[in-house]
Structure formats: structure tokens, C-alpha cells
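Look at the two complexes coming up: chain A is in both, with chain B in one and chain C in the other.
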Partner chain A sequence: MIFARNLSRLMLLLLTGLVAAAMMLPILLTVTNSLMTEGELSFNYSLLGVVTEASAQAKFVNLKLIPDWVTLSQYAKLLDSTPKFLQMFWNSIKLVVPIVAGQTAVATLAAYAFARLRFKGRDVLFMVYLITMVLPFQVTLVPNYLMIERLGLMNTSGAVILPGVFGVFGIFMIRQFMASLPFVYTEAARMDGAGHGRIFWEIILPLTKPGLAALVILLFVDYWNMVEQPLIFLKEEFDYPLSLYLAYIQESERGVVFAASVLYMTPMVLLFLYAESYLVEGIEHSGIKG
Partner chain B sequence: MEVLLSSGKRNTRKRIVVVIASLFFGILLFWTLFSNMLIGLTLPRVVTEAPTPGSLDVNFQGTSSLRPVLEVELFNHSGEKPTEILAREGDVVQKGQLLVRYDRTAKEQQLELEQNALQKLKLGSKQLQDDYKLAARGEDVAAIEAARNALESLKLDLSAQEKRIQMLQTELTDRTELRAPFAGRVTSVLAIENIPSNGADIRLLDTERGMQFDIRIPADMAAEWMEGDAIKVRTLGKESRLVEGRITKMEADSGNESNMPEESAAMNIPASEERQAAKEMVQVQIRITDKSLRAGNRVQVELTQSAGGDTLILSRKAVHQDRNGFYVFAVQSRPGPLGNQFYVSKNYVTVIGEDDQSTAIAQEFWLEETEIIVESSEPLEDGQRVRY
Partner chain C sequence: MNRSWVRRWLRKDGIAAIPFLAPSLAGFCLFFAVPLAMSFYYSFFDRVTDGTFVGLGNYRELLGSSSFRKATGNTLLFSGVGVPLLILLSLGLALLFNRQLWLKSAMKTAVVLPLVVPIASIVMITQIFIDWNGVLNAWLYRLDLPRVDWLNSDGAWTVILLIYVWKNIGYNMILFLAGLQTIPRSYYETARMEGAGSIRQFWGITLVYLTPTLFFVVLISLVNSFKVFRETYLLAGAYPYDRLYMIQHYMNNMFFSLDIQKLSTAAILMVGFIVILMSGLLKIEHRFLENIE
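Up next is the complex of A and B:
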């Protein structure tokens, strides 16, 4: 019996290990390949891109994890010779931080109203919100575009930030999180004479911290990777965020691709590592999977 | 306890993540702030100037050497040796003035012989007249006819002899002297006393017709002039002064190569400048009647043209030339990833005029505030990034 249980645990471990390895492989490959020389990468990936004599004979891409010669030259090249990368990196920060901060603030207040206040039409309004959330971006693109143009925000950061600040996902997630909080805290506070402001600020908000952390991470990842919004609302290339950078890299810069990818995902990874526990807790309470 | 340990581990990990994140953003920030400067250090450095609206006085200076309009060589047709040379080089002579006297001895002797022969014929004539009178008294028709023929024949001989003497006398007068055919100045005396010459003895310049010179001037400047116009010419030398010349001929210059090596014309273009003034030129002939001028004297023509109107003035160094025409390199500012970046923009311009320092270009659609590159640390190309 014990043996069977251990065996099943072992099998489960192996299975999850395999899945984890499969998930980790692209990231690991990106990191290790970013430390390879351009020549080594050209050889490994000769099958991709322009057909040469060498690539014509190759049948598979050579996915190597261990570099022949570890070098940071790709990073140096990326940072030294391609200032566009740095500019796009800060563009991303410039777009994503206000969106995340704005949407978190708006979502927290709106979620409090949906979760804790009782007013006529609350549930209907929330349903409408949910409907807009499930609509894909492409469906709301035209009205969004028209509104942005009317507001005179076209080709400015505001064209991306403003719709992001009023995103529905944050409201939905925080509302779910707040709804899971026991009402006894707020009832007790109310009995002690606390108003909505005080209840929100001193009771609900501290309790929602894990949910907010989870929201921040999910929003950051979502908007850090956005492609359509900047492509549609921004005309100038130097306003583009980093998520569009890879499109500008040429075939001869494979090493730069890997280096750029590593630097691109680093903020997300760091944010995840920092707030991992909050994320798990937040998702658990809100019942939402990212 | 376990919760505390777990919390401690979590805090440690958070601190590490914060340190890594700080490093990551710090490095990127450093690179953002300084990479532009580092890249900038490798770019060609340029010096610029902004063109200013205004006009430019374009000066043209051309020098040339004078040559006579009419100079003739006077020959000795008698073939005799000169006995007396009266003209000296540089003498101003009048029309008909005696220049060289030649040996008359041979001609005089021949004349004397011919005169003697004439006397002899005249003596024979008396005898024949008498013979004819005697024959006429008789009735012999043949004798009369013969006497008359002899007399007529002698008359013809006498006439021919007289003409021969007359010719010799003329020759003696004309061919033993060399006189000036027109008023002028003796530019060269080639005859040597008592030595027969085969060529010209005297070279005489017609001072009435004066001197002339040819010069090439830019067509746009020549457009202000026409044949017959007076033009100020400066004589070069110790006593430089302005004299008046007159344009006698203007024609389009057929080619760049000049058939007058002495002539030089310049738009004040420094020799170091590779640019060639490939402008349309006009060949102008100017005549000067000032009698004090000599052939070979250097003269200079100075022309000034104001390149006014809608023109912009900029340094001459800023204007370059290729096979398509004149161009300037302007600095174009483009918003770059890490602030403004400056690129070279090649723009063709219409040059209105230029002097040794400045060039006037047509304003056209040119912006006054555009910075034009005057100097650069490296040769530039269109689209190249620069720093300044």
C-alpha cells in the first residue's frame, strides 16, 4: 500500500518534473544562447533564415544549451550599438507603470463599490463589465480608436495608457477578492462609527494586499507584452515599447535576439520572484487563474 | 516557528530580488544615460553655421597681356644693304618718315648706263632722219619705206629706253629708302648697317589702332556688357592706373582650355579648393587706344556683380560640388531613442555667386535656421550620423 502510494507520488513527480522541464527549456535555451557567440549561433541555427550550402545539408536546428565559449558580447552589442533597445525598454516602463498603477487604483475603488456597496443595478452593471472583459481586443478596437482620436490622444502615450487604466480585468479580480473577505470586519468597523473611506482605507485595502500584488503582476505581464495597442495607437517608432523590438532585429543578429529576450523578460521574472507568495495567495482568494 | 522561518526566507529572497532589480535597472539606466555619449564620441564631429539672408558682391578679376591691334613688318625690296638706319626702337614716327636708307650706288650706275644708252640712241636718230629725207627726194619707194621703218623703230627704242630710265629713277627713289607707311611706333629694328638683309628690317606698330587683349569672363557677368561698351582696365606694374578700353568682340567660349596661356582669370577660387568653376564663360576682346601702353604690358579687368535678391550667404567651405552640381551638407535633427540625433542631409543648391570667403545660394525652399556643415573631422556622406 505504502509502496503503491510512493510509486504514484514518484510518477506524479516525474510527470510534473517533465512538464516543468518542458516549460523551462525555452527560457533556459534563451538564457544560455544569449551567452553564445554570433558565430556559434549562426552555426546552430543555420537551418533558419537564408539557405546556405551548410544549412541545405542540415536537417535539424542544433539546440545547444551549453555554449562553446561563454561571452557577454551579445549584451554589450545590444546595449552599446542598439540604443533603440534602451529607448524601447524605457518606453515600456513609461507605458506599463502608469497603466498598472492606474488600473490598480481604479480597480480597487470600483471593486469596493461592487463588492461592498449595495445600490440599484449593481449586479447588472457588473455583468456589463464582465461582458466587456470577455470581448477580445479586436472587437473593441474600432470604438477605442474613434474615442482616442476624438480625445486627441492619437500618437501619444495617453492613447495606450488611458484605455489600460480603465481595464475591466482588475475590477473583476479585486471584486472577487474583496467579496471573499469576511463581512464581520467591515460590520465591526461600521459599528465603531467608521465611514466607507475609513473602512476602505484601513480595513479592506490591507486585507486586499495579496490580491493587489497578484493584480500588479498579472497586469504587468499583460501590458509588458502588449503588441496591438502600441502598433495601432502610436505612429512613431521611437514611441514603441520593447514588446515590438524583436520585429526590428535582423537575421544576422541572432545573438542580440537572445540577449534582448533575456533582458525583456527580466523585469517580469524579478517581479514574479518578489511577489510570488502574494500572487499565489491572491489568485487563491479571487479564484482567478492568470 | 515554521511560519517565522518561512517568513524570514521570504524576506531574504525579497531582499535579493530587490538588489538584483536595482542592479538591473541601474545598469540599464547607466547605459541609457551614457551610451549615447559613448556612441557620440565615435561619430564625425562637424562645425556648422546658419546661412544668413543677404546679398553678396561677387568680384571677378582677370589679367591678360596686351598685344597690338596692327603691327607690320617692313621689308627691303631692293635687296641692297642698308647704309643708314634712321629709326630707333621705340621711336614714334609719322607717316612717310624715313626709317632706313639703302645703298644707291648700283642703282645709280645702272641709271647712268641707261642714260648713256639713251644718248646713243638719240644720236642714231639724227642720222636716220637725214637718211629718210634723202630717200624721200628720190622715187625709190622701197628705199623710202625702209628709211621710214628704221626711223620708227628707233623712236620705239628711244621710248622704251626713256621708260627704263624712268623706272630706274623711281626705284632709286623708292627702293633705296624705307619710309613709315603710317604713323606709329617702331617696335623693332632688325636691319644692320652695311649688311644685306633677307627679311624684315623694321617692325612698326600702328599706334592709332592701339592695343588689345582677350579675356574670359563668366557669362552671367558678361551679360551686362555688349560690343562697343567702354570698360575700365587697370594697367599693372609700377604705375598702375585705370585706362578706358572698349569691347570689340564677344563670343561664347568654345572650351575650357584657353588658347592664350598668358591669360588668367579667377573668381578668387583658392587653389586648394578642388571645386572647379565650371561656369559658362565668354571670350571678350578689349581694345585700348592709350599710346603709352606697350605690347606685353599686363592689364587687369575687375568686375563686380551683386548677387542680391532672395539669397542666403554661407561660407564658401560649406558648398561642395559633384557631377550633379553644387550641394551643401545640412544637419538634420531626428528624435532618436536616447534624445535627438543629428544626421547629414545632402542638399543640392543653386549658387548665385561667390567670393573667396562666402557663397550666395538661392533661397528657394531653404530654411534659414538650418545648420549647414562647414567643417567635419571626417569625409561625410548623406544620411551619416554626426555630432556637433
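Up next is the complex of A and C:
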């Protein structure tokens, strides 16, 4: 009996292990390849993007998980002699931090109204917000472009930051979280005559912390990956964030691309590992009907 | 008497809501509501400035355009296949992770981690696999099969689908796991005493009580199925293989060729479609909840 239970657990371990390994493979490949020497990388990948006749002698790229020699030289090269990389890393931070901070603040306030207050048209308005959340960026592209031009923001970071601050995903996520908090918590404060400002600040906000942490991570990831917005609203390549840099270096500087990729994902992976339990808790609450 | 009390209460909360909602509403009007109203207006005129009213002319022209039809069909196909597939797989994974497992939390981390991997990184790895001289073709060669130009074949579609599933399965799994936790164990015990097998328990209990969760899973999966455009764009550019030409490609290209009318008209049609879809989803959810009670 115990043997049978352990056997079935072992099978499950194998199954989940297989799934986990498949999920991790692209990340592992990036990390180990970033530790290879220049020579090994060019030996392995020099054929990428080279078009040969179908009948030509078959040569292929050589994907390897384990490096022959472990070196940090790609990182050194990237940080030392590619000033563009650090510049764009800094650009990314300058765009993403204000968006995340701004959207979290705006969304938290609005979410309180949607989750804890009762007023006319609330559910209809929330539904309208939800619909705009589903729409792709391109749907409002033209009028947004005109709007940003009229506000005099074109080619400034404000053109990317401002629309991001008013994104509605944050409202959706935090509303779900706040709605799942029992009303008992705030009833006593109401009886004592506390206003909504105080209830929001002293009771609801502290309880919403896991939701806020989850939102910060999800927003950070989403905007760290921006492609369309900077492409359209920023003309100077000098202002581009890292998400665009990585997409374009693949032609010329293939050697450092893995190292760049690792450095690019590091902030997010660290953030994730640091706050994983909050992230999970925050997502969980967003799916439970409040 | 009772009613006027409710009304007074409503009014009080309504005023209290203003400071909380004001910043969001201002931005929402500036970047969503007004832009959408402008698009709606443009879609009935032949030019942005000093245009003449053309009624449904733009709509007729758009629906007759083969590239619009192609883009719409491709987007419907991708989301229509991708969303259900993602939901099925993540539900399966959630059921697996809902049991007693060894190394459970480490495995869970591995499944959720792709959520934070940057798009450019996964695009790079994908290229190594699907390149003309890439890993997939090396495998084909070993099997004595001819090489495939993956980016210009239906295989590219499958690759994008895989990236979509890989990236989002963890998120959905967390949502489903949370939903599973809310189902009381006693329901299953009762069912077992009445002799219901595990398949009947799944259909009769698990699936029924997961319905509210399902609404959010569908919503998030749909949002993310539109976001996979970024990967497609970085992988295959503005004019990719036919199957990959999504509605976002179409809109982007209309934007860069300054065809504002077509873009606005397409935008309005898309909004209309999403509105219908969402109200359908809500209606289904309401009916299910009524059935439970």
C-alpha cells in the first residue's frame, strides 16, 4: 500500500519534472550559452540566418547546453565596450518605473471605488473599463497619436509613460483583490464615523499589499517588454528601451546576445523570486468572484 | 421609505467615489474614451480633416478588402484555437498540481517563471530552433527529411501557438488552483459515498464550481492572445507569412501608410466584436451561477 502510493507519487514527480524541465529549457539555454567563449559561440551559431541551397551540403547550428569553457567575457564585453546597452537599459528603467508607479497609484484609488463603494453606473463603467483592457494597443493608435501630438509629447518619454499610467489592467486586478476582502473589516470603522479616505488608507490599503505586489510584478514585466509604443512614439534610437535593442542586435553582435538577454531578464527574475508568494496570492484573488 | 434610504445612500457613496475615480477617469477619457469617439467619427468620413460624410462606405470597403479579411480570419483562428487549448492544458496542469506532490513548490516556480522571461529572449531562442540552418532542420536532416523554411510555412503558426502556451500556462494555472481551493472537500466526499466515479465528480463538481474562475481565465487568455503579436512581430516583421498576418499587423500597416479611415473603421469593428463577446461571456456566467443556486 505504501509502496503503491510512493510509486504513484514517483510517476507524478517524473511527469511534473518533465513539464518543469520543458518550461525551463529556454531560460537554461540562454544562461549557459551566455557563459561560452566568443570562439565557441561563433563556431556554434555562425550559420544563423545564412540561406543555403536546399541541396547544399548540410551544415547546421550547434545548440549546446554545456559550455566547453566557462567565461564571463561576454558580460565584460557587453558592459565594457557596448555603451548602447547600458544606455538602453537605463532608458527602459526611465520608462517602466514611472508607468508602474503611476498605474499602481491611479488603479488603487479607482479600484477602491469599484470594489467598496456603491454608486450609480458603477457596474456599467467597470464593464467599459474591462472592454478597453481586452482591446489591443492598435485600436486607439491614431487618435492616441493625434492626442499625444496635441499635448506636445511626441518624441518624449511622456508619450510612452502617460498612456501607460492610465492602463486599466491595474484597476481590474486590484478591484478583484479588494472585493474579496470581507466587508466586516470596514463596518466597525464606518460605525465610528471614519470617512472613506481613512478607511482606504488605514484598513484597505494595508490589506491589499499582496495584490499590489502582484500588480507591480505583472506591470513591470509587461512594460519591460514594450515594443509598439516606443517604436511609434519615439523617433530617436538613442531613446529606445532595451526591448527594442535586443530585437535588433541579433544581426551584428551575436556574441553578446545571450549575455544581454540574461542581464535583460535578471531584474524581472529577481523580482519574481523575491515576491513569488505575493504574485501567486495576488493572481489567486483576481480570479475569485468578489 | 426603504427606497429613499437606498437612494440617499447611493448618493452619498457617489460623492465619496469622485475623488477616488477622478484621476483614472481623466486619463481614461484622454487616452481611451475620446480616442474611441474620434475613431467612431472618422469611420464615417472620407478624410480626417474637411472630410465628407460617406455613411457606411468605409465599412463596405473594409469588409471587401482581402487583407483585412485575411487578418481578421487569422486573428479569429489564433485566438479561437489558442485560448481553448491554453485553458485545457492549464486546467490539466492545475489538477495535477492540486495533488500531493514531491518538490511541488519548485515545480510550480518553474511553470510560472516563463511569465517573466522577456519577449526578446524567447524570440532569440526560437530563432535558433526555426532557422534555415536551425535545430529543427538539423533533426529533420537526421531523419532524412528535407529542410523546412519554418517562418514561411504553417509551422510558424504552431511555433507562435507554442510560445503563447509556454508563456501563459503558469498564470492560468494559478487562477485555476485558486478556484479549486474554493471547492469544499465535503462535496467530493458526499459524491463518493453516493458512488460517483472520478469522471462524474469532475464534470458534476469540479467543472461546475470552476465556472466563475473560468470567466477570468478566458478574459486574461484572450488579452494575452492579442499580446502574442509582439513575439510575432519581432520574429517575422511587419509582413509575415500569410497565416501570421494578424489584425494588429493590418492596423499597424494602415497606420504607417496613413490610411486613417481603414484603421479607424477596423478599430470600431473590433470594439463591436469585443463588446458582443464580453456580454456573451457574462450572460453564460450568470446562467451558470443561477443554476448553482
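The rule is short, and it goes like this: the second predicted complex is superposed on the first by the 262 of 290 C-alpha atoms of A that agree within 3 Å, B and C clash if a C-alpha of one lies under 4 Å from a C-alpha of the other, contacts with A are read in each partner's own complex, and residues count from 1 in each chain.
Definition applied: contacts are C-beta pairs under 8 Å (C-beta built on N, C-alpha and C of every residue); 3 or more make two chains touch, one makes a residue touch a chain.
Just so you know, these numbers come straight off a predicted model, no measurement behind them.
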Quiz prompt | Fit-or-clash call for chain B and chain C when the two complexes are aligned on chain A | solution = fit
Quiz item: Is A:Tyr274 contacted by the first partner chain B, the second partner chain C, both or neither?
Solution: first
Exercise. Applying the touch criterion given at the start, work out whether A:Leu135 contacts chain B, chain C, both or neither, answering first, second, both or neither.
Key: second
Quiz item: Does the superposition put A:Phe238 against chain B (first), chain C (second), both, or neither?
Solution: first
Quiz item: What's your read, chain B or chain C touching more residues of chain A?
Solution: C
Self-check item: First (chain B), second (chain C), both or neither touched by A:Gln87
Solution: first
Exercise. Answer with first, second, both or neither: which of chain B and chain C does A:Glu228 touch in the superposed model?
Key: second
Quiz prompt | Which of chain B and chain C A:Leu79 touches, first, second, both or neither | solution = first
Quiz item: With the C-alpha centre of chain A at the apex, what angle separates the C-alpha centres of chain B and chain C, reported to the nearest 10°?
Solution: 120
Exercise. Examine A:Phe166 and indicate which partner it touches, taking first as chain B and second as chain C; both and neither are also allowed.
Key: second
Practice problem: Look across chain B and chain C in the superposition and give the shortest C-alpha distance you find, in Å. | Solution: 13
Self-check item: chain A positions touched by chain B in one structure and by chain C in the second
Solution: 273
Quiz prompt | Footprint of chain B on chain A - complex, ascending | solution = 79-81, 83-90, 236, 238, 263, 266-267, 270, 273-274, 277
Practice problem: Under the touch definition given earlier, write down the residues of chain A that touch chain C in their complex. | Solution: 9-10, 12-13, 15-17, 19-21, 23-24, 26-27, 29-30, 45, 47-52, 54, 58-61, 63, 105-107, 109-110, 112-113, 117-120, 122, 127, 129-147, 162-163, 165-166, 168-169, 171, 176, 195-197, 200, 217, 221, 224-225, 227-228, 232, 242-243, 246-247, 250, 257-258, 261, 264-265, 268-269, 271-273, 276, 279-280, 283-289
Quiz prompt | Complex contacts: residues of chain B adjacent to chain A | solution = 10, 13-14, 17-18, 20-21, 24, 28, 31-32, 35-36, 38-39, 335-338
Quiz item: Contact residues on chain C for chain A in the complex?
Solution: 9-10, 13-14, 16-17, 19-21, 23-25, 27-28, 30-32, 34-36, 38-39, 42, 93, 96-97, 99-104, 106-125, 127-129, 131-135, 137-138, 141, 146-147, 166, 169-171, 174-179, 181-182, 212-213, 216-217, 219, 222-223, 226-227, 229-230, 233-234, 247-248, 251-252, 255, 260, 263-264, 267, 270-271, 274-275, 278, 282
